[in-house]
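Per-chain residue numbering starts at 1, and chain names A, B, C and D are given in the order in which the chains are listed.
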Amino acid sequence: MADLRETLRDRDVLRSIRLSVLTSGSAALLSFLFGTPFAYLLARREFRGKKMLESVIDLPIMIPHPVVGIAILGIAGRDHWMGKIIGALGLRIMGSTTGIITVLLFVGLPFYIDTVKAGFEAVPRRMETVSRTLGASTASTFFRVTFPMAWRSMVVGMILCTARAVSEFGAIVIVAYHPMVAPVLIYERFTAYGLRYSQPVAVWLILVCLVLFVLLRLFSIRKPTDRKN
Amino acid sequence: MADLRETLRDRDVLRSIRLSVLTSGSAALLSFLFGTPFAYLLARREFRGKKMLESVIDLPIMIPHPVVGIAILGIAGRDHWMGKIIGALGLRIMGSTTGIITVLLFVGLPFYIDTVKAGFEAVPRRMETVSRTLGASTASTFFRVTFPMAWRSMVVGMILCTARAVSEFGAIVIVAYHPMVAPVLIYERFTAYGLRYSQPVAVWLILVCLVLFVLLRLFSIRKPTDRKN
Amino acid sequence: MISIHNLHVMLPGFSLRAVDLHVGRGEFFVLLGPTGAGKSLILESVLGNVHVAIGQIRVNGKEVTRMPPERRGIGIVYQDQALFPHLTVARNIAYGIRYLDGDREDAYRRMDALTDRLGLEDLLHRSVEHLSGGEKQRVALARALVVRPDVLLLDEPLTALDPNFRDEIRDLLKSIHEETGITVMMVTHDFTEAHYLAHRVAVIRDGVIEQIGSPEDVFRRPRTAFVAEFVGIRNVFEARLVGKEAVVEDVCFLLGRPARDGERHVAIRSEDLRVLGTATRPAGDCENVFEAVATKVVHKGFVSDLFLSVHGLPMRATLTTRECIDLDIREDARLALSVDPAHVHTF
Amino acid sequence: MISIHNLHVMLPGFSLRAVDLHVGRGEFFVLLGPTGAGKSLILESVLGNVHVAIGQIRVNGKEVTRMPPERRGIGIVYQDQALFPHLTVARNIAYGIRYLDGDREDAYRRMDALTDRLGLEDLLHRSVEHLSGGEKQRVALARALVVRPDVLLLDEPLTALDPNFRDEIRDLLKSIHEETGITVMMVTHDFTEAHYLAHRVAVIRDGVIEQIGSPEDVFRRPRTAFVAEFVGIRNVFEARLVGKEAVVEDVCFLLGRPARDGERHVAIRSEDLRVLGTATRPAGDCENVFEAVATKVVHKGFVSDLFLSVHGLPMRATLTTRECIDLDIREDARLALSVDPAHVHTF
């Protein structure tokens, strides 16, 4: 316990946890912005190559994290056309907060899209049809029917995305050892000073995860299904 | 391409990929053995603290991987009663294959249990009731009705578990830097020699993941739902 | 034979309270009630799928309340058939044979006879997935019967079927019951099915049995307003009952027998109202001939509904459309109406 | 007014082929057919939810084939109501008002009138979740009508309701249609509903329209064996037709008019068979009086089914139970049977 309190006075620990939370939150926000229309498209439209696209989205869940980091560095490198665009925009991936957020978006977005897609699919199409026949355009229908019925899944998706991002280590350690997010700090403490010194930081990070976890449970509680007779 | 072929002649690479596949496969097998009855229990029985238990199972998905590694080392340490048991059994966690499998089981089991639980839940209880009324015991019913209808989800669960395990890095790097699994090797090559030297290994590991991914898609294809009129 | 004694089942938000039922050997018994009344819950209790808080259940004299389903000697056919999708029709039907004591040969002979009887010979090697609803229901029936259960439970076996299969399966249930003499307990929300099939019915509402009796009894002599309306009696009124008279607003009905103490309702089936003709007859105070005005006439194929106002009291009569046309009954027509005092039911 | 011209819709495993339909202004039109026949697909085409491969759809003269649903002037009520669960009853009903051109005040007055008419005043501030099926259906109806669509589509609006609500909503649909004079196109698989509600019906099978006509017409004069059986004609036979005679096995039916070329079936409704009594009358060769043996008598409440053998030909008659008892018809009784030549339908 004394260890825990002392750790809180450690500036590096506080800074790394803050950075973890901020970058993860940013990734969740970006997921919301880019992922929502995409999830809607996947839930409502049929098109050629849809199965393929869904597979590609799920891919980051299965790729080893250091490989993810290496892939991102490869793409953002000077030899790659995307790297050139990124460079021209004045952005730096390697060893920067931008880089961390990019990594976290990459690993977190699939969780967001899968969750929100399921949320949209749970809104019966008939509701949207009814709304359309009553005069609402596609956009009005989205905001007056689909969104109010699916927003919960967006919150859940953002929490999942944040949680996944907070716990990311393998990809970040490749792309940006510094600035140091909490998992990297824990790793450094472990390798430099051993198990004992890494544990207090680990406990604090777990507490952050637990808060997210409780939020998740609160929002994803299903209504008790009606008794079937 | 030349890089890729050359990498294949590298004994360390081959050994690390083989170790990755073997340890991940073992974790999947152990998940099948321990996870299946557990998933059945969660799908079919109501009991006090079930919600709590489900939360605990999902927890490893959200905890940062280095923290997972630190937790496992903490528990397996000589100060902890579980560590004493493990020691008395002659098992070593730190820096051993046993340690790697333990870590992979820890991170992979939740995926297996979640998938198989959903698989069991998709078998209508009425089928089991009918089987019972026809004279079959609980065990016969499981093997003649529930298993044939749910085995697909077990295959999917094992593939998911393997895929998750193959891609694990953050927890393994804490518990067992040696013997070296593929993601750790990639990380080492990256830190020691830079991006170029880590990429060929990364590509080989991705190929392993892709095979798993294709298997997953093959087994989790849903039957086309009947047209609703 | 099924005996249910003082059965209590508690679920979150719903409970069965003090259910007492006795189904005799070879009887076709129907549990009747609206959706959510708890009839399926009684079935599940007999099956052994729910925790029985208080009470006993006996099947053929054997107490089964705490027994696992496989030892109760019960067969079940569900609304959705619950056929095993990974087995062929033949393997579905033969599923229970291996658990039988005694001669297997015999069981397989019985299976052959059953598949013949149910017209399933040509389907035996088919997958169950692409069968029609009626075929599925026959397979489910064969599967349940081949192990010769003491008791057969049917959970809304006709509800999910297309109307043309419904009649076929209903007739089949009746004849199979007659041929095998098996004890049957069926759940349905459709009174016509019950009327056609049952020896006795129990009407259930909110977990409590409101009335048990022969279909004719429940149909003719409901004991509560709920039962009366449930069995399709359109004319149910609160009344003042004195001696052999029942007074509803300005109308006085003559009864077949003196009213009993505590009775406060009259119920008259719409088909028991006879239209004597369009000529008006002066209605004496209490001779069960009434002057009525037709407010609406609805032809529904073979039968027609006639909405009437009898001295301001809204009533409804059912006639054949033929009668309706022969008597030239139209809206606003003045009619003479009569009802046999024996058909004025009080409760 | 809805015109559908040469409509083709292709889905994987199913297609609508060359559907032509015209629903007149103010007409109540019913699409009738078994599950999977494609009737709902026609509805979805009118709504604009499926890709129309070939063909045109017009609503009130306006070509809408490629228009988005919100510009078609169509209202829809679904079987499952599809009420917006996050809105109160009032907000559900008022949902479409903001998209109306013209006077909003007027729309809100109309909404008040509608909620009064449909008995929803007391529910306005309730959540839609705990309403009964009948209440939900009335809310869905109000929601669709408040924006005054040119055309109202009803997708099996009675199917999911409990039987007691079913009659209520059916009557309501009829009277609302009469009061508003709106054009209605309804989908159902229940012929009785169609018979009660429709001006005209179209019978659909496997994506193709088999017959269009008044319910009476389809009921009395089906044009195919499928339609005949679908509308509940129990006696449908292949026959040799010569002049005013139809010969089925050993039985010869006299027709009301000479048979037309190409006709090969006779159909007789079971309720058109009249039982003259249990005394046997010698049956002349072709005078439509037959000698019959009752093989089974089934009482079903108000009506009874009589299974007959007419010189070996299995037939079925429907009588009122009263008649059945008055004539003392039992199994194996010998009967004299007649049928009006005008009721012997050929096709």
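Note that a contact is a pair of C-beta atoms (placed from the backbone, for glycine too) under 8 Å apart; a residue touches a chain by one contact, two chains touch by 3 or more.
Predicted model only: the values in this text are computed from it and were never measured.
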(request) Supply the minimal count of touching-chain steps required to go from subunit A to subunit B. (result) 1
(request) Would you mind checking the shortest number of contact hops between subunit A and subunit D? (result) 1
(request) Tell me, please, which two chains come out on top when C-beta pairs in contact are counted per chain pair. (result) A-B
(request) Determine, using the mean of C-alpha atoms as each chain's centre, which chain is farthest from subunit A. (result) C
(request) Could you put a whole-Å number on the gap between the CA centroids of subunit A and subunit C? (result) 56
(request) Express in whole angstrom the distance between the two chain centres, defined as the mean CA positions of subunit C and subunit D. (result) 26
(message) Just the number, please: Cα centre separation of subunit B and subunit C in whole Å.
(response) 53
(request) Two or more other chains in contact with one residue: find those residues in subunit B. (result) none
(message) Where in subunit D do residues touch two or more of the other chains?
(response) 35
(request) Write out the stretch or stretches of subunit A touching subunit D in their complex. (result) 124-127, 129-138, 140, 144-145, 148-149
(message) Which residues of subunit C touch subunit D once you look at their complex with the stated criterion?
(response) 34-35, 162-164, 189-190, 192, 195-196, 219, 229-230, 271, 298, 300-303, 318, 320
(message) Residue numbers of subunit C touching subunit B in their complex, please.
(response) 47-49, 68-70, 72, 74-76, 78, 80, 82, 84-86, 95-96, 98-100, 143-144, 147, 149
(request) Please name which positions on subunit B make contact with subunit A in the complex. (result) 55, 59, 62-67, 70-71, 73-74, 77, 163-164, 166-170, 173-174, 182-183, 186-187, 190, 195, 198-199, 202, 205-206, 209, 212-213, 217
